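Labels for the chains are A, B, C and D, by order of writing; each one numbers its residues from 1.
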Amino acid sequence: MQIGVVGLGRMGGNIARRLMRAGHRAFVFDSNAKARAALAQEGATQADSLAELVRALDKPRAVWVMLPAGEITEETVQRLGELLEADDTIIDGGNTFYKDDIRRAKALKEKGVLYVDCGTSGGVWGLERGYCMMIGGPENAVERLDPFFAALAPGVGEIARTPGRDSADTRAERGYIHAGPAGAGHFVKMVHNGVEYGLMQAYAEGFDILRTKDSSELPEDERFALNIPDIAEVWRRGSVISSWLLDLSAAALAKDPELQGFSGFVEDSGEGRWTIEAAIEQATPAEVLSSALYARFRSRRGHGFGDRLLSAMRFGFGGHVEKKEADASSRDAAE
Amino acid sequence: MQIGVVGLGRMGGNIARRLMRAGHRAFVFDSNAKARAALAQEGATQADSLAELVRALDKPRAVWVMLPAGEITEETVQRLGELLEADDTIIDGGNTFYKDDIRRAKALKEKGVLYVDCGTSGGVWGLERGYCMMIGGPENAVERLDPFFAALAPGVGEIARTPGRDSADTRAERGYIHAGPAGAGHFVKMVHNGVEYGLMQAYAEGFDILRTKDSSELPEDERFALNIPDIAEVWRRGSVISSWLLDLSAAALAKDPELQGFSGFVEDSGEGRWTIEAAIEQATPAEVLSSALYARFRSRRGHGFGDRLLSAMRFGFGGHVEKKEADASSRDAAE
Amino acid sequence: MQIGVVGLGRMGGNIARRLMRAGHRAFVFDSNAKARAALAQEGATQADSLAELVRALDKPRAVWVMLPAGEITEETVQRLGELLEADDTIIDGGNTFYKDDIRRAKALKEKGVLYVDCGTSGGVWGLERGYCMMIGGPENAVERLDPFFAALAPGVGEIARTPGRDSADTRAERGYIHAGPAGAGHFVKMVHNGVEYGLMQAYAEGFDILRTKDSSELPEDERFALNIPDIAEVWRRGSVISSWLLDLSAAALAKDPELQGFSGFVEDSGEGRWTIEAAIEQATPAEVLSSALYARFRSRRGHGFGDRLLSAMRFGFGGHVEKKEADASSRDAAE
Amino acid sequence: MQIGVVGLGRMGGNIARRLMRAGHRAFVFDSNAKARAALAQEGATQADSLAELVRALDKPRAVWVMLPAGEITEETVQRLGELLEADDTIIDGGNTFYKDDIRRAKALKEKGVLYVDCGTSGGVWGLERGYCMMIGGPENAVERLDPFFAALAPGVGEIARTPGRDSADTRAERGYIHAGPAGAGHFVKMVHNGVEYGLMQAYAEGFDILRTKDSSELPEDERFALNIPDIAEVWRRGSVISSWLLDLSAAALAKDPELQGFSGFVEDSGEGRWTIEAAIEQATPAEVLSSALYARFRSRRGHGFGDRLLSAMRFGFGGHVEKKEADASSRDAAE
C-alpha cells in the first residue's frame, strides 16, 4: 500500500524504512532536502513539497506526519487539511497534546478528511524492535490503515503471551491498539510517558541511595563501596524489578560507571507535564509521577530563589548562617 | 554439596528444591513437622531440631535460614550461633535489616562462625525462573558457597547480555553478586525493594489516570472509556516501559479487568521503610520512593485525623461544610 | 462613593456591609430577592436586575462582582459588559482563573470598559478583620477605586510593621496591592491559595504523627498519649510555627479534640489545581503544594483502582493475599 | 530559685538571662571562659567546671543543659549523672532525639536522678518574646521546675485566647506544656520542627512560582513582573496564610528583594529527619513533610548521580543528548 511520510528525523525516517521493509510504498517529504534524498536512495519516492506529496499519492490517501510536537506539526496538519480531500487520512504520529487532536479532528471532519492520532513508542530502537502504537480516531480509518500499523508493530515475537487473553483483540499483543476516538491514542501515549518518568525516577533514586552509601557522613562500619554496574546487571536477572529501562541503565553503567559523560540536566517533553494536568483535571492523585517531573525541573536549575528564601527564614528565626557556595561545592565533590 | 535449610515456607521450600535439582544434598528443618515431611518425600533429609540438623551436617557446615524477618530469624540465628563451630557458615536469606547483619556478623566472628546475608528476589516464581541474589559477607565464605548460589541463580539463560560487560565479574550476569561485607547484601536487596515500590506506584498512578478519564467530572468530549487490559498488554510490546511488573499487571487485568478480587489494602514489608530511612541518613532525596510507601500507608486507612483537621480549618476560615460520608461514598462508586 | 455589588452570598454581602460602614453607598443585586432585601434593610439600595443596577449608578460606574467562580461569574461579566459604557469598571472579586481575566480585559477594552480582577482573602472573618486584596488591572481604574480597597482592607492596625519598608508602597501594609495588569491579581491570589493548601497539609501531617504516636504498632515504651489540643495551643505561643491557621486549628481542637464533627472529605477549589498547572507551565518544582492537593483528592476516595492494582501485582510476584476490607476497617478503628 | 545552666551559646545565654530577669539565680558553665565571664557580668555566678557548678547549687539541684544535640550533650548529661545526687534534676533543653531521652531517663532513674526533656522553640527572639516549651518527664520534677518554665514562657500576653479553653490546663496558653513521660517533650518538639519545614517549603514554592511568572518560557501576555516583597507584606494582613514565618519572609524580602545575600544551601537539623522516621515507624503518610526535607537535601547538591542516570536512560532509548552544563547555567541565570 501507499503512504506519505512527512518528517524524516530519527523517528520518521525509520518509520518510512520499516514500512518499506514490509513491502509498502513510501512517498516522503522533509524540509531538509538531504533527508529526503537519503530516504530516496533507500527506495522511497521523494516529493519537493507537501502539495507534490499529496498529488503523487493515490486516493484515498494516507499521510503520516512525524514531526516535533507543537507549531511545526500544527502548521503541517493545517496545510495537509487544505490539500487533502474527503476520505483521505492524516495520521499524527508525534507527541501532540490530545486536546489538539480533538480540535483538529472536529475541524477536518467538516471537509470529510479523517484524522488519526497515533502515539508511538520505541525510540531509536523501533526500526529493529518495532513500535508500540496507541491509536485514536474513527473506526473506518483505523481499519483501513491496519496494514501499516501491523507492519510497524513488533508482532508477537518472542515476548511471552499473557495468559487468559485468547479471546481478546489480538492487535494489543501484536503491539498496537485502537484506544478510542480522536485524541484517545495520544492520551494513552501521554500517560505512558508519565509512567516512564516515574519508573526512571524510581531507578534514579535507588541507584543514588546505593551510591551515597559510601558517603563520609555515615559511620564507617555502615559504609559500603558498592559496585553499581554489577548491581544493575544482577537486577536484570530473576528479580522483580527487571525491565527494559533497567537493561538500558545496566548498559550505560557498564560503559561508564560514573556516568561522567552525561550532564544530568534532564529535559522533559510536554507529555509528562500534560499527564499531571490530566490527573489534576480528573482529581486523581499522582504523587510519584509529579515528583518525577519536578526532579527533572530541579535537575536543570541552580540554587533557586525558593532555596534562598529558606535560608533567609532560617537566618530570621535562628540566626543561622548557611554555608557559602564554595564550601558546598566541595561537599558536592564528596557527595 | 551439603546444605542445611531452616524454614520451609513458600521461599525456603523452593530454595531447598532448586538446590536438590542441581544435585546438592539438603538437610531441612521447620517447626512445622508436615513441612519437613513434605520436603523429605522430595529427597531432603529432615531433622527434628536445629541441634539435630547441625549434627547431621559435615564440617564446615552451611545453614541457610529462610524465615520471616524479625524475631524468629533473630532467635534462629542466635541458636545456630551457639550450635555451630568455627568455620561453619550461617546464611540469612530473608529480608533482615542490614544493621542487624552487621551486628550479628561481629558477634559470631568472636567464635569464628561466618555470617553471610543474602537478599533473595524471585518470589513464587523463583523455583522455575531462578533467584536473583545480593550477597554480603567475608570473601572466603562467599566463595565456598558459590556452588549453591550458582544453582539458585537463573544463569545467563535467554536474557540478552549487556554490551561491554565481557571482562566484568560473570556472577552478576548469572544472577548473583557479592556486594560487600556483612550487611551489604541485604542493603542492596532493601534498595531493590524500595525501587520496586516506586515502579509499582508509577504504574498504579498511570492506570488510575487512564481509568478516571471516563469520569463524569470531565467535559463529555474529553472522556474516553479506555480498555485498560489492552493498554497493559500493548505497553509490553516495543514500548519503553515494558517490564516484568507490567507483565504481571497485564495478566491480572486480563483475568479481572476491574480487579474486583483485590482489596486494595496494600501491605508493606520493612524494606520499603528502611530504604527511606537510609536515604534520610545519607541526605539523599527520594521523593518517589517515599510517596510510593505513603500511598500504601494511605491505602490501609480510612479518612484520618489529618483529613478531619483540614475540614476543620476550612470550616474555621471559610465556613465551608464538607460533604458527609454518605455523599462521598456515592462519589466513590462513580469514581 | 457609589458602588454596585452583584452577588450577596457569604462574601459579597459582607463586602457591601464593610463598604457601607466606611461611608460608601452600595447598590446591590442578587438573583435571590431575600438576599437583596436583607442588604436593603441595612442601608443598601437594591436593584431588581443588572440593568436596573447599572441605570441607578452615577458615571463612571464601578460594579463589584462577587459570585462563585465559573459560569455564573462569566455570564454576569459578559452581561455587564453589554450594559456598561466606556470608562465604567467591572471588578471581579471572586476566584476566577487568571487567564479568563486576561481574555475578558482584552474583550472589554474594545468598548472602553475597564476590568479589574481582585483576589480577595479573608473568608467569613473579613467583615471584622478586613480583606487582603491582590489587584490586577489598568493603573487609572485601580487608582480611582482606591477608596473602596482602602475601606475593605484591614489597615495597618495592630499588626507589627515590617522593618525597612518605610519608603515602599504603603498599600501593601494596609492590606492591598496593585499586582500588575489584568490577571495579575487573581494570579497572586491563586498562588496564595496554593500556599494555603501546603500550610494546612503540613499541620495536618504533623498532628497526625502526634496522634498515631499512641498506636499499638509501636513498642510500649515509645508510645505517648499526647494531648493534641494543648499542643496546638502551646505552638501558638512563642513558637516558630505560630500562624492564623494554627489559631483556627487550636480553636477547633479545643472544642472537639477528636474532630468527630468533621467528615474529612476535603474539597478543593480550582485555585489549588491552577497553582500546580502554573508551576508546571513555568517548570517550577512544587512537590509540597502538589502533595497537599493530592491529599485532598485522596481524602475523597475509597480504596481505588490504583490500590487494587498494587495488590494484584503483589499477588502476582509473591502470592501475597492482602487483608480483606473487614479486617482493615478494624485497623482503621485503632488507627 | 537557683538553677544551673550549662552551655552559653545563642540559646543558653539568653535562657540564663531571661531566668535572671524573672528573679531566679543562675549558676553558669561553658567550656568557653569568655562566654562564662559575659554572663557573670550580667549577674550570673560562673563555675569553672561541671563539678564546681554542681557543688555550688543548693539541693535538690536543677541543671539546664543547652548544648548542640549529639555527642557533647550526651557526654555532659552522663557527667552530670555522675556528679548529681538522688532527687536532683537534669533538664535537656536542646534538640535531643527522643529515644535518647527515654534511654537516659531509665539509666538515671537507677540513681534517683530525675531527667526532664524540654523542647524549646523561639530561636534568637526568645529572650524578648519568650520560649515555647514542650516538656517530658516525671510529674514531680516538672512541677518543681514550674517557676522556671513560667519565667521562660511568653505568658498569655497579647495573643488572643482560644475560645473554649477556659477549663483546660492554663500552662498551654502561657506557652509550655507537660507533654508526657521522658521523651514526650522532645517528640512534640521534633514534630514541631517537621511541621516548620513543611510550612517553610510551602512559602518557598509559592514565592518561587510568583517569581518564575516572569520567565521567558511563558507567552508574553501571560508574564507578570510581580513585586515579591509587596506580596509578602500584603499576605500578612487579613489573609488566611499570615504567620510568623511569613513576617520573617516579608522582613527579609523588604531588605533584599532578590535575597542575594543568602546562599540557598539549606541545612537541616536532625529533627526534620527524625520526624519522617517517626512517621514511617507509625505508618503515617507524610508527603509534605518528607518533600520539604528532600528539598533541603537537593539544595545542597550539584547535579547528582541520579540526574545523570536519567540522562543516560534518555540517551539509551531516544538518543537524546542533554544540554551541557555551560548552556544550562546560562538558563539558571535567566531562571
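The rule is simple: a contact is a pair of C-beta atoms (placed from the backbone, for glycine too) under 8 Å apart; a residue touches a chain by one contact, two chains touch by 3 or more.
Everything numeric in this text was worked out from a predicted model, so none of it was measured.
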| item | value |
| --- | --- |
| Longest centre-to-centre distance from subunit B, chain (CA-based) | C |
| Between the pairs B-D and A-B, the one where more C-beta pairs touch | A-B |
| Subunit A-subunit D separation of Cα centroids, rounded to whole Å | 45 |
| Rounded Å distance between subunit A and subunit B, as computed from the means of their C-alpha atoms | 30 |
| For subunit B paired with subunit D, centre-to-centre distance based on mean C-alpha positions, whole Å | 38 |
| Set of subunit D residues in contact with two or more other chains | 123, 201, 203, 205, 208, 240, 244-245, 251, 281, 283-287, 291, 294-295, 298, 300-301, 317 |
| Residue ranges of subunit C touching subunit B (in the complex, touch as defined) | 10, 123-125, 200-201, 203-205, 207-208, 211, 244-245, 248-249, 251-253, 256, 258-260, 262-267, 287, 291, 295-296, 298-320, 322-325, 327-329, 331-332, 335 |
| Sites on subunit C touched by subunit D in the complex | 99, 102, 121-123, 126, 129-134, 153-154, 157, 159-160, 162-165, 168-169, 171-177, 179-181, 183-184, 187-188, 191-192, 194-199, 201-203, 205-206, 208-210, 212-213, 215, 217-218, 221-222, 224-227, 229-231, 233-247, 250-251, 254-255, 275, 278-279, 281-289, 291-292, 294-295 |
| Subunit D partner contacts - residues on subunit B that touch it in the complex | 240, 268, 273, 276-277, 280-281, 283-287, 290-291, 293-295, 297-298, 300-301, 317 |
